[in-house]
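Take a look at the structures listed below.
Each of the next two complexes has chain A plus one more chain, namely chain B in the first and chain C in the second.
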Partner chain A sequence: MSLYELLRGPLLWLAFGVFIGGMVVRIILFFTLSTKKDKPIYRFFSWKWLWLSIFHWIVPLNQTAKKNPITTTVGFLFHICLLVTPLFLLAHGVLWYESWDISWWSLPESTADYMTLIIIGCGIFLALRRIFLPYVRVVTTAADYLLLGVTLAPFVTGYLAYHQYFDYNTVLLLHMFFGELMLVVIPFTKLSHFLMFFFSRAVTGMEFGRRRAPSW
Partner chain B sequence: MAEVTALDPKKFKEAVKDKSNARLKMWLEICAHCGLCADTCHFYLANDKDPEMIPAVKGRKVLEALRKKDKIDEEFLEDFYWTIYGECTMCRRCTMFCPFGIDIATITSTGRGLCVSQGKVPENLKKTIASYYEHGNQMEITQEEWIDTLQWMEEELQEELPGATIPIDKKGAKVLYTVNAREPKFYPMDISQVARVFYLAGEDWTMSSKGWDDTNLAMFAGDLKAAAYISQLVRDAAEELEVRRVAITE
Partner chain C sequence: MRRGHFLVFMLILIIGSLLLAVNLDAQPEDIVLNDQSVFTSRSRPAVEFPHQLHFDDAGIECRECHHRFKDGENIVDESELYEGAEGVKCSSCHKNKTGFRFKPDLDPTKRTLRQAYHRMCIGCHRKLSRDNEKSGPVTCGVCHPKKKETKA
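And then the complex of A and B:
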């Protein structure tokens, strides 16, 4: 089995398995522990405050967004492109079609190309923030830089692969490896916020909501 | 100043286990270290924007404490104690501004609870909590002094409004009125003022001879066992007097 086949086959299965399985375990652990030790969540449970809290932060309708327009803009661009680009990239769609005979809408190639550059640019901005703002530097650890690197690596290598800079085969293998690495680390690191964000916003939204004090 | 007590790593580990709940674990793990909480904190703003004062740093220290378990040492605990008591008032302002809604106030409270396991509580707060256990209120007021104060205030009130009363332990009253123990101690007139309002409004009310202090300073020590005991005192009084509502002083 070539390295390509390994990354395209078993390791990809493993990566998705760890990613999805890991997050399922995280959610199960949250519910089993919280039903025992976080009774206020269930005692004051409210769908209304749950959705309002998530809504005001999944779109920039809050004081923090108003106070920090640049960071907010960069943050939203980064996250939107990060989610949309890999899912709707034409080349990825072709792979899905070849393997599973399924297909969906894809982005024009030039748009995806610009979106990748936006992700890399936003990533650099976030790194510079960590380096130059004292109140961000103070809470920054090596893990924060590493995770930013792990997040950006698939996009940098993807960009290089698309433009066929350097040795295409090597870059492609690296691209696949970094993509799988990112999936694998998500459940074990702060990157799990992609899902836990909703849980955290919900519990805090309800906690403030029961005092009629919106948390946004 | 906190009393100097011997370190008890075993108790600290137990406290860590007891206090680790699902929200705390989630919050400490997902904090993205973005620093957006910085200028929402009055300690940060009042200390020339000292980055060590930002809420996320306090969260990080609690995370360190949780991870240390029985590897806790004097030096860490001392620094931890001053951060958790001296650099956070648990006002929850940062919670309102955190994109994830991470509740640093609750995290600080947990940190204080960990300090409680080592007997590391500010001395005045410690005395206050002892007073709740001994006298049922934070100001070491005996039941005799309390009743005397109420009767004295009733007399003063009657000079102005003949017929007005301050009912004590009136079973089946609609409202049980509770106060801050500072009122009988330093501002007893507050009680007669309220009695005047109740009288003129024709309200069916009573005060209780026990369980009448509605403050709960044990909460600020993260001492949830003591906090529950104190709340229970008021609840017990309300149930014994079969009142419909408990009113709390402003």
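And then the complex of A and C:
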């Protein structure tokens, strides 16, 4: 079996399996742990504070966003492009169709190209922020830089592959490998915030909400 | 008598090779897949498809790619496949929309032109590569090279 088929077949399924299975376990762990150790969540459960909290943070409607306009802008750009680009990339759309007969919308290639550059640029900004801002550096560990690297690697290699810089086949195989690596790493690291964000946001919102001191 | 046999033999040989030559001549060697009427805005460089390589070197039968389906069965006849023949090009049925019928009693198309090309090329190339046989490209940039040199 060629390396391409290995990365596109068995290893991709393994990555999907670990990613989805791992996140299911994370959610189960959240509920089993919180029912034991954080009973007030359920005693003071409130849909109102849950949704209000998630809403105020999924759009930049909170004090933190207002106080840090640059970081907020970079953060939002980074996250939007990070989610949208891989899902609606033309080349990925072709793969959706080839693998599962799914016809998918796709972005114009030049737009996706700029969005990839935005992701890489924002990623560099976030790294520099960790290096130069003392209050961010103090909570930064080596794992944070590594995770940022794991997150950016699929986009850097994707950019190189699209422009066919260096050896195309090698770059493309690396791109697939890094994409799968990122999926595998998500459930075990803070990259799981893509989903756990909603849980911690809801809990924080309810906790401060019942004290009438909204966390935004 | 022997002389007559020889003449007949030579005649058959000459006519035969002429027919063969005419027949071979009818097969385009390389085709640039660049249908301007369907691909109105191209995202990637056009593919240079080595047509002759597929039936000469790879020994693939015409009907393995050329098709016209009736009740799910490929009913195209090789005699219908010559350059300029009606319906010989993929784009005569596969356009920007699916559902075209070449003739009212034939099956409608399921794929647009882009989908048809990708499925035909990548589908076959991947199958061959999985069977550990000599195969063609399966990744984007090899068929759609940005620069000529990168096409390995």
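As a working rule, the second predicted complex is superposed on the first by the 216 of 216 C-alpha atoms of A that agree within 3 Å, B and C clash if a C-alpha of one lies under 4 Å from a C-alpha of the other, contacts with A are read in each partner's own complex, and residues count from 1 in each chain.
As a working rule, a contact is a pair of C-beta atoms (placed from the backbone, for glycine too) under 8 Å apart; a residue touches a chain by one contact, two chains touch by 3 or more.
Here the structure is a predicted model, which means the values were calculated and not measured.
Colleague: With the two structures overlaid on chain A, would chain B and chain C clash, or do they fit side by side?
Modeller: Chain B and chain C fit side by side in the superposed model.
Colleague: Counting only touches as set out at the top, which of chain B and chain C does A:Lys37 meet: first, second, both, neither?
Modeller: first
Colleague: Once the two complexes are aligned on chain A, which partner has more residues of chain A within touching range, chain B or chain C?
Modeller: Result: the larger residue contact count on chain A belongs to B.
Colleague: Report for A:Tyr97: first if it touches chain B alone, second if chain C alone, otherwise both or neither.
Modeller: The second partner, chain C, only.
Colleague: With both complexes superposed on chain A, which partner does A:Asn169 reach: first (chain B), second (chain C), both or neither?
Modeller: second
Colleague: Check the residue A:Lys66 against both partner chains and state whether it touches chain B (first), chain C (second), both, or neither.
Modeller: Neither: A:Lys66 stays clear of chain B and chain C.
Colleague: Now for A:Trp57: first (chain B), second (chain C), both, or neither, which partner does it touch?
Modeller: In the superposition, A:Trp57 touches chain B alone.
Colleague: Answer with first, second, both or neither: which of chain B and chain C does A:Lys48 touch in the superposed model?
Modeller: neither
Colleague: Once both structures are aligned on chain A, how many angstrom separate the closest C-alpha atoms of chain B and chain C?
Modeller: Minimum C-alpha separation, chain B to chain C: 36 Å.
Colleague: Considering only the contact definition stated at the top, list the common interface residues of chain A for chain B and chain C.
Modeller: Shared contact residues on chain A: none.
Colleague: Once bound in the complex, which stretches of chain B touch chain A?
Modeller: On the chain B side, the touching residues are 20-23, 25-27, 29-36, 38-39, 44, 49, 51-52, 54, 56-57, 60, 95-103.
Colleague: Quick one: which bits of chain C touch chain A in the complex? Just the residue numbers, please.
Modeller: 43-44, 115, 118-119, 122-123, 126, 129-130, 138-142, 145-147, 150, 152
Colleague: Quick check: in the complex, which residue numbers of chain A touch chain C?
Modeller: 1-2, 4-5, 90-91, 94, 97-98, 103, 108-109, 161, 163-164, 168-169, 172
Colleague: Would you tell me which residues of chain A are touching chain B in their complex?
Modeller: Touch list, chain A to chain B: 29-31, 33-34, 37-38, 41, 53, 57, 62-64, 67-68, 71, 129-130, 133-141, 144, 189-190, 192-193, 196-197, 199-201, 203-205, 207-208, 213, 215-216.
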